[in-house]
Amino acid sequence: MFLKNAWYVACRPEEIEGKPLGRQICGLKMVIYRGPENQAVALEDFCPHRGAPLSLGFVKDGNLVCGYHGLEMGCHGKTVAMPSQRVSAFPSIASYPVIERYGFIWVWPGDREKADPALMPVYEFFDNPAWAYGGGMYHVKANYQLMIDNLMDLSHETYVHSTSIGQPEIDETPCKTEVKGNKVFTSRFMENIKAPPFWRMAMRANGLDDNALVDRWQICQFTPPSHVMIDVGVALAGKGGFDAPDEDKVYSVVVDFITPETETSHWYFWGMARKFKTNDSALTYSIREGQGKIFAEDMDMLERQQSNILLHSGRRLLKLNIDAGGVNSRMVLDRLLAEENQA
Amino acid sequence: MFLKNAWYVACRPEEIEGKPLGRQICGLKMVIYRGPENQAVALEDFCPHRGAPLSLGFVKDGNLVCGYHGLEMGCHGKTVAMPSQRVSAFPSIASYPVIERYGFIWVWPGDREKADPALMPVYEFFDNPAWAYGGGMYHVKANYQLMIDNLMDLSHETYVHSTSIGQPEIDETPCKTEVKGNKVFTSRFMENIKAPPFWRMAMRANGLDDNALVDRWQICQFTPPSHVMIDVGVALAGKGGFDAPDEDKVYSVVVDFITPETETSHWYFWGMARKFKTNDSALTYSIREGQGKIFAEDMDMLERQQSNILLHSGRRLLKLNIDAGGVNSRMVLDRLLAEENQA
Amino acid sequence: MFLKNAWYVACRPEEIEGKPLGRQICGLKMVIYRGPENQAVALEDFCPHRGAPLSLGFVKDGNLVCGYHGLEMGCHGKTVAMPSQRVSAFPSIASYPVIERYGFIWVWPGDREKADPALMPVYEFFDNPAWAYGGGMYHVKANYQLMIDNLMDLSHETYVHSTSIGQPEIDETPCKTEVKGNKVFTSRFMENIKAPPFWRMAMRANGLDDNALVDRWQICQFTPPSHVMIDVGVALAGKGGFDAPDEDKVYSVVVDFITPETETSHWYFWGMARKFKTNDSALTYSIREGQGKIFAEDMDMLERQQSNILLHSGRRLLKLNIDAGGVNSRMVLDRLLAEENQA
């Protein structure tokens, strides 16, 4: 079961360049393409004529032409033409509200009348010259909530990512979880420690002594339906940590947009927005490469966790303090789902 | 559900050369091989001893020897021998009537006593020096009726085969559908048009000016259970079209034998019989290559249509005038199925 | 349904060298690793924290560390530590008795209190300088009882292994089956025959004239839950057969340990213990290669038999005299299963 009345990242713009894209989102098979005036459109991926996937077709004059018999579908899900046919009585297909923002195509799989652009999350780091951004996408064969659990409990870094961002101090430092409205925050502050390899690289890139002791922070923020932003960084020890002046710290935001596909799979749009060396595109490239490798480690773990849980269904899992971020995110989602289904 | 009392193409002779073939037809797992006097035989693919597939065995003196423990099966489904065993009380397995004709092995999956060679369809173009024939076979992961729909509505050529046999005039010209007994005909006649690439090649091959305007025809004929013959050709414009003298036209028959495997898959035996340049085996080869590519485009579309329909089960499809060929073929099949199941 | 209170071969020692192994045995997902004092340990492959497979982790100081969040599992299934956590109340996971013997790791998937090392089968040929041993492992997608059937009826050799150990005399010679307690014996003695290729090679290797007529024997012995030992060999004709002096015969034991994975798959540990040329490791290697090829022929047949039987479920199979070994083994297993489930 998925929260339907919400904005999800459907795809990146390059995925609909020149041809329609078929993608399943929250269990719904959609076709996404550029329609009239080049606006992104999302429709049910089902031709009302004979059931062919419209995503096998092509766009002509802003309409989506079915690749089987040439039915022309308009951007609102109404057939607009078909060779030698009167189409006014053809049944409609579902259309989904779409917004293009922050370098992504977003879709609202629920009630059209409730779709409000003002409900889109707001991020300062996209389209902002003070920040640089790089990212990628993975298809993960695991329920999307396992990914939220993963991102809201970074103690796994010590084990899953031991060679890059993990370090024992993460385990040893308690985290704190707070729920504020529909948001969940889990934060951890480590003081007077050595920086792990990734952050030493970032310190060097930013002109800081990578052997210096640092204060390190991780602030995970869950926003429904499935966005997790993580403030991460290190500052020279004693300079104020997260609040230290820019010249004494390196700082970035791990960006995670998680889009359910089925009950046991999701699309994972990951990236990193950083505030240092923003004009260095080689650095953007190498961070994305490194992050891609790290997140592939998570993907492997999650897929095997998912299949193990399916084989042991009904078995209770532990809810430790380190799990509080994921557990509270699930509680928020459960409450919102109950509200949505009641309405 | 399949019509069982009918002749289906089971395989091509080369598929049973030197070894038995295991093939599922109308949901029934069969083994097909050359038995006594080299006659083709079809039996249940199940050894009554321990359930091994007999198709893993070999033929000895006209009997099918199980490759596991050497049980020797006769061509009527009765065990004839087994080392050190008395076999007279062994349970029989089903045997299916077989006819070898037109370069194919045909099988009757239903009641043996109703199997009548006179019910075989009659074709003038096989084994006839006035005609040349070439063809191939595909395994298609879609219900066989989707293939009948496809072949009885050639308006898809404009979209699925836009670079070879498609042209806008197909869409623009209405087709006419007639039911005559158990047969369904859908025909379309286009006048004074340019020939598409495939037919220009054929005109050149036959010594006609390929720039000349032509009259083009498509006459699709469905015969139960699942044979579709399509008269196709072009004649120099104004010479009588389909009825023009041989020297003014190029003409062939698209041959489609469709054999259900399961509810969501079938074996597709396709080919083309032509009346021009019949001695040109290089032309036969190149036409088969071209047709193979064209029909692979259909296969891709049908498999994705099938999986899309499964995901949207219960959803009503449109029945337009262009669909009348397929719709009427389904009605004929439904009526014959009801009769068969009543009997 | 599997007999649980029994010793099964879980794996070979090299499979747990340096890292844990995940393996499903009798339907139970286990992790097998070297724990305290390098002793082999088998636990449920399920981390009680968040359900990750423990087999993705690593061993530290004899404990199994989960690769996700660092939970440390002890060899009795009790969590012994986790960074920053009190673990005493964590739920346990199942642990399974393990014995390392005969070059294998054995596991008891049933009640721990009934696990008795004295119930281990006893073999004279392992760890005995008078014998040489070589073997391998296959994963077979068929119910384990189909493998027992196969090994208790060697008449299949004539067909499945016609180029190596099969010969018509096997078929022509009746076998005799006896049940002694929980053991089942099927034996066949062939006299005054030519030796087949494998045994001619063995005769040459042992300094015997490979053109001489021989007496050949096959004595299959089933021991629950699923061990099949087969005495096989040839002696110069008239020298006493199985009881002939060592210098007049070549003799070995085919070793088969069969471990159910699921209802339709098993792990097959096969090998051969021989009493001739025991110091010739090149011969051990070449026998293992040959046996591997022969047993791959069985594997192919069994997998296709299994899928054929699934497609024809409910269909009765024959129980001939040659099947008496397998049929009686199944009766012993059924009786033991009934006893186990009653208790």
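Residue numbering begins at 1 within each chain, and the chains themselves are lettered A, B and C in the order written.
Following the convention adopted for this analysis, contacts are C-beta pairs under 8 Å (C-beta built on N, C-alpha and C of every residue); 3 or more make two chains touch, one makes a residue touch a chain.
Everything quoted here is computed from the prediction, not taken from an experiment.
**Student:** Only C-alpha atoms count here: how many degrees separate chain A from chain C in terms of the superposing rotation, rounded to the nearest 5?
**Tutor:** Roughly 120 degrees of rotation.
**Student:** Is the contact between copies chain B and chain C built from the same residues on both sides or from different ones, judged by whether over half of the numbers are shared?
**Tutor:** Here the answer is different, because the shared fraction of interface numbers falls below one half.
**Student:** Roughly how far is chain B from chain C, centre to centre by C-alpha average, rounded to an integer in Å?
**Tutor:** Taking the mean C-alpha position of each chain, the two centres sit 48 Å apart.
**Student:** Quick check: what residues of chain A touch more than one other chain, meaning two or more?
**Tutor:** Residues of chain A never touch two or more of the other chains.
**Student:** So in the complex, the part of chain A that touches chain C is made up of which residues?
**Tutor:** The contact residues of chain A facing chain C are 149, 153, 155-156, 158-160, 168, 171-174, 301, 304-305, 308-309, 311-312, 315-318, 320-323.
**Student:** Which of the residues in chain A end up touching chain B in this complex?
**Tutor:** Listed in rising order, the residues of chain A that touch chain B are 29, 45-46, 48-53, 56-57, 65-70, 82-85, 90-91.
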